[in-house]
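All chains are identified by letter, namely A, B, C and D, in their written order; residue positions are counted from 1 within each chain.
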């Protein structure tokens, strides 16, 4: 049977990424409390394709994924990527996994337990060109929080507009930073964290806490950036804070990156 | 050339809806202020297919749409639907159009003008079986508003959680009810309406107004239902209120329909 | 502490549905092969609220869900709904769960195994008014398949346009119908089923099979409707077929319901 | 009234982007045929915020947008961005607009006219640091096309799987490149372009043309990259091709950038 993909290509155009996108797959993610957590991920896998090959054998991505079924976690992302460059005879390989992650939280007063969901991602690349550190891994966490507007509080006789906000943190690190640690940093710098289950005494606490801690999107992004900068394990980061404004139908947004901080300190 | 669609089908299965879905198309919508408003819609068109025909000639939907290009508004939905049943020789025809709609609003204190966007829809059906009133039209408006939690306000020393909410209103009516009228009803029953542009004096006003008018999702749905019920033009309605809770990562929801109200009054 | 929700309401407006929407939660779904399958669901829970109560205690939905954590499957949906009407003192309760579901499939020639994902839902309602059968359950399955256009094949010298399509089946039944059974019916009536992993010999088989079995969206909906109608366990159904047309940027759509079939047979 | 945003911040953290996101707004886009086209955009506007300011006055973005209402097109993006850096006293400004764009196309045989929709974007940045060329503009076009699999055609006795695909092109250029030109390049390199309206003779033509021009996602990306590289107006580009595979439930993907091409030629 003909192998069209394997034919020679003469167009002199190398392909940076060729592969499969938007594949749903069951994942097992490391969990600080329970060792492993079953979830469902959206997976993309790409390799580079040298200019002289016509196409990629896409079925090999699925074979590889199936070989690691039930063992796909942060611990063996490097192994999977290495198998990708080897099996495709490529220079670089990319593996992206996006998945909901659950953490059991206790309500602040009643201590009632409930599960909060956080959208997370592992964005990993392996390159043979980076001999000493071929693996590059970005961990991403989206943390829904509550923010209360400092301006609205300062100028109004009573109350202040507040809203659900999304904090997105992306990091590169020297050693493992738990998803739970990033969530804790994000929630500590918002006006309040969110909970799936709040009894009335908790709702009072959360409302008063948010009123006592007004934060602009800019404040949230800055405060988290400062904490991430101080963590010796973290080598790069990007923080975005996005408010689903309760007085507007558009969102307020602020972004800080570690690159931007370095520029600052050089001035 | 063979006409496969026109062949006889022997499976004895009539098709309720056959047609085209998710078609983007420029629309012209009637506007109370400016007569007509240019927008972009998502359009679906279906007819019923008698059991003895194999398929629908889908290209005819597009021909029909093109014939009415630049004149697709509430005024001629009936004309388009009638042309659909006639051209497809069908008993019923369905036309659904979803589109963003803009209204110029003035901020409450500064009177600064800005454009607010509302997601609207016309859901229309024409049936030859309903001899006297073949056209059935539902107008739908999604109104983003602000709601402030009555419970949170009552139990907290200061502040109250509030959030962006969506109010969805669907109506059938004897005569034209402007989209602008439905928006006005929704905004009047929320804790506050939203604005694209608010100066500081407006933000103070909106914050204090919302604090003075706490509303559960249930309150909003009920109050709007009462207003719609009193309008002699409106013959059927459904109201839903959905809060993007600022203390939870899930939404609070309440739904009232005119059918439910009738059940009530019969008890 | 004040209980605002529990206050009397005087507006005489009963609420059909009040509750929580769009809650992410880990689910355990019955699986014909492996007994149980871990997945992640999007959950909504509503009860009706009599006209004389001001609000719903939304936290109770979460308490209930947490009590059944790890045991939320088709088998105890009735138990959860019964607990809802009892704990909220309501007449009706609604529980909706949408989730990805995985089935291991073997490629048609190589027999290579891979996981296919299907979007499924349980839409359940419990009503005290329906004394003898208080539980009403709809099972929904979305099956991605391939369809090849009969018209394109008939009029073209070579080839025929084909595309990814979605078949949506909703059923009510007297006894358990496995999700796997509905998937099998859908895939059998399409031009071909889909697979995550196909080797070259499988791709040849699937291509030739699809070319040998051209199907309009109308054909697919009709053929599935006939099969569902013959199944004595199934008491109601709705089938929709939607083609992501490879020659258009809009979709072709066909819908058949068991109600429509009854109308037919009465004529 | 207090101006909280204007207060001094002491955290030494500059913000790269602060502003408004996901704002719906009517846009007027330059159109090669009709001079201007009314559409509806999703707009985001950001400026950088020096470390010593606490917050951004978000209402100013809206004021600026309103001042240019009815005149927001490619021609005055530079003017709007310049006004942003000036009014916010910032170093950089970002303006992103995403919008559907319609082009009238004639079917290949019948010449029947219909409107095709393309999702487009302008991604513009203005920086005072880049003295000579402060404006950086990326034009993005998403072109839905049809691709037919070369492997499937080569190994199968009859037919070949084909599907709807999305080609995404992003370019930077020395002078105006029409959206229509980018669409034409994309459609010429796919197995076939798409049409809203095709009569039977057109469907035959399109089917046979696609069968005669099989293309992998890799082929499409490469061929477009070669054309863009030869255009002297274009200084940078990125091309991605994504197939909604009709035999899989995931997509096939290929990406080529002008940077990757330069690497190649240096080897």
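Observations
Operating definition for what follows: a contact is a pair of C-beta atoms (placed from the backbone, for glycine too) under 8 Å apart; a residue touches a chain by one contact, two chains touch by 3 or more.
Quantities reported herein were computed from a predicted structural model and do not represent experimental measurements.
The chain pair from A-C, A-B or C-D that repeats the B-D interface, sharing more than half of its contact pairs by residue number, is A-C.
Of the two chain pairs examined here, A-D and A-C, it is A-D that is joined by more C-beta pairs in contact. Looking at which positions face the partner, chain B and chain C present mostly the same ones, since more than half of the interface numbers are shared.
If you average the Cα atoms of chain A and of chain B, the two centres end up 35 Å apart. Taking each chain's centre as the mean of its C-alpha atoms, chain A lies 25 Å from chain D.
For the pair chain A and chain C, the distance between C-alpha centroids works out to 30 Å.
Within chain D, residues 1, 23-24, 117, 151, 155, 196, 198, 200, 204, 248-250 each touch two or more of the remaining chains.
Across the complex, chain A meets chain B through its residues 116-117, 144, 146, 148-149, 151-153, 155-164, 192, 194-196, 198, 200, 203-204, 206-208, 210-211, 244-250.
Those residues of chain B lying in contact with chain D across their complex are 1, 3, 23-26, 38-40, 59, 62-63, 66, 69, 100, 102, 112-115, 117, 196-201, 204. Interface residues of chain C, counted against chain B in their complex, comprise 1-2, 4-5, 9, 11-24, 44, 46, 49, 51, 54-56, 58, 150-151, 154-155, 216-219, 221-223, 225-226, 242, 248-257, 260-261, 263-264.
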